[in-house]
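When the chains are written out, they are named A, B, C, D, E and F in that same order, and each has its own residue count from 1.
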């Protein structure tokens, strides 16, 4: 197991670790359990139909991590896979990337993800050497926007019809943090 | 020659055509002639060192056009290559893309590019079926921002440190047009 | 829509355009309607089973066009897809290629294809810079041979057992036109 | 050493063998020695500049042999590499291919190549299952045409400006043999 | 047919030849007939379900032969495909490879394979220029070990749990022959 | 930084971490400093000519780690890159792999590598699920063999002329550890 960050939240031990193929089953179980809630704002959750889909996804993440295209991490809470957090769309040229995350329902509401994102920001700035991180949240996704605001991201704009899912165009809030 | 749009501006015949390898020399001549002005906000102009670089670029554009990843067009003014206009970063999933353009100094100031971009917007909405077009202009690039404003793009945000070139982070104005 | 040639025949407007994925349905409809007649001398018509096959074919043509391996064009008659005409097997080294074509039954007998091939010959010689064009027609395919003869191609040879389709070897007439 | 045919000519033992990388040096020596004569009608002889070029060519031939795209053979005379003979442009669909050959000057005039081509025709018909073999010879290449005629190939046509080399278009005689 | 070795054993003519796609049916028939015996120590025999699997295998062998990664040969006995013998895992850097073989039941017990392996060793040392050949035999596979011993391979070690098949780890005897 | 093992040796903190491109310079410095000693038994040390070679090597290791082909780790001693340890040639089918390692001169003689290899064995058995690990050491490489023996690897055989480097065949001692 490759650990890049470890901290305590609410008496729980949280580790951010490299995704491993053997985590596929427990991550898939989380997605199945929370599919409806997750899929509202994360359309990929609808497409994750079998454990093999999760295995394939993990393999892709491992390869993108290897070439510094993505920094995808599994969030372990007391040793259990609880969600993922990542920096994707990394541009080494423009020294920027985009934060993404999701957490199983059972783990929400205790500050786990806020602290995990804080740890990832530190990794992205200090270890990857990025200068700017974007964070896009669906305008209706209050919990996601709350994380951005709690971590002092700057709200840059409401992007109209930025993405299309479930057959509809959706507005996204764009937040940015610059490493100054 | 594959023409997708043709119009008159200021007594000049303007055609938007598919890039052809045999246009490489005249496009390269334009870049050489205006390199300093172009490169201020378009760092690729610095890297375009030989005609072969232009040939390679045209070949890549042709292949991206073929798969609807880009709609890259050469602007011909009275039969002479005068610049390029394109929709790049096309996402068929989110039905969006991003407008780009440059025009040789000798052709500027006559409304050629404003009309070329107008024609490309029409192609992008009517033929490619896109729903939204972004346009990013360096905050200090007054002529480029003027085109966006003249065409009634909506100014969405000033994006701080969005790109890095010539060793410095630069702010970009983000404009959007939605096909309503 | 990318137009490379436009002319009037018999009060009809004929355009030769770059193949687009969205033309797949109407081209496929033509093939389905005329399948039996087309397939007699064009065995691919037998294999074109679904619209997706036509989509895949168009994608391949677009990529071959992009690298100047083929010049494949859709024939539009009053805006309707009516057939295709192409130069395939292009050799830039030997400056030659081979003409191919097919037209829906409903459009035949009015000189449309003869004029379309004439336009393609002009494009091949003037824009692609080719020196010689071959044209192969099944010896029993009278209408196809008539086009070659009407356009003053030189009959070079009857090639015995040149191709095999429908389980039989077939003789082909070889015609050539040199750009002198 | 993989031998596919062996026969005696004029008290010499001739073997047709699979090309091996270790034959590169002796084949290259032949090309260097006869370059001027060979290159008159075989422009590749001009481009074969180093032993590594010959090594690369042999590697390509081995891979084309492996997939039945070509049947390329080295002609050994009393154990010495003396030239090559091949069937290239093999079409399993149309059951045809095209014969090619060259022989070092020192080995010419004794019927070696005529017999080698005869052996290859037999292999092509009996083992590859081809139905038709073409043979193209430059109209001015009397020795090459003599082989075709000696083996009773049918002269099909004189193909005007069929290929371009040394900056000029050249006429080729097309011969065919059908396995009846 | 490409022959690289030919010899008599017990009044039978044995040829070692390049694998050809058209041998797939007869090789497959052998595997089907002897599947149970073969599969005990050669787990691939279990996976060879259709003639197409054999065709695919032959195509891979032909491509590995082409690049000197493997020297895979079909054993013909009086013209009938009787088995295969090969040098695989060839390392040109370390000048070594590993011998493999299998023979149909009906052909066993007459010294055919012992002589075929002897011929392959000679080819590997003299033509491929290898310095060392390994041979691995399942410890329980008496006939295979007998071939190694009859040919004076040196027994190097019993490798515990070297491979896993049929769900169990199996011990392998490692034999080596060095070209001194 | 991704840490998969951490321990104290001789008052030093040792961490086994995922290779990162930014470690290239310090690893390269180690190789340059110890090149002569390293290259005696590790011929790659001779080929590592520039920092870019080390960067390329790290990129390959990252990609092999991503697909579980290798488990390559950098050894950090008090935060300084001191060497590498790995499991390579991983076979998931046969559940085995091969241990490799090197350590800068300045760090040798304190048990760092013995403990690092012990940690990697544990990772290989417990996390990768391997069943057997091989370890090959040049017969003359006393320090390397000492590590194998200290960790209770079983000596299986002396492999004659197993590898070739510096133009000579070298004997290797083969050690194995099975997870029982």
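Couple of notes before you dig in:
Basically, contacts are C-beta pairs under 8 Å (C-beta built on N, C-alpha and C of every residue); 3 or more make two chains touch, one makes a residue touch a chain.
Not measured: the values here are computed from a predicted model.
Chains making contact with chain A as well as with chain C: B.
In terms of the stated touch criterion, chain A and chain B have no partners in common.
When every chain is reduced to the mean of its CA atoms, the largest separation from chain C belongs to F.
Two copies of one chain, chain B and chain C, touch each other, and the residues they use overlap strongly: the shared fraction of interface numbers exceeds half.
Set side by side, the interfaces C-D and A-F show unequal numbers of C-beta pairs in contact, with more at C-D. As a whole-number value, the distance joining the C-alpha centres of chain D and chain E reads 34 Å.
One inter-chain figure worth recording: chain B and chain D are separated by 52 Å, centre to centre, where each centre is the mean of the chain's CA atoms. One inter-chain figure worth recording: chain C and chain F are separated by 62 Å, centre to centre, where each centre is the mean of the chain's CA atoms.
Shared contact sites, meaning residues of chain D that touch two or more other chains, are absent.
Because contacts link each chain to exactly two others and close back on themselves, their graph is best described as a ring.
Taken together, the chain D residues at the contact with chain E in this complex read 1-4, 18, 20-21, 59, 62-63, 65-68, 127. Those residues of chain D that touch chain C in the complex are listed here as 93-96, 131-132, 156-157, 159-164, 169, 174, 176, 178.
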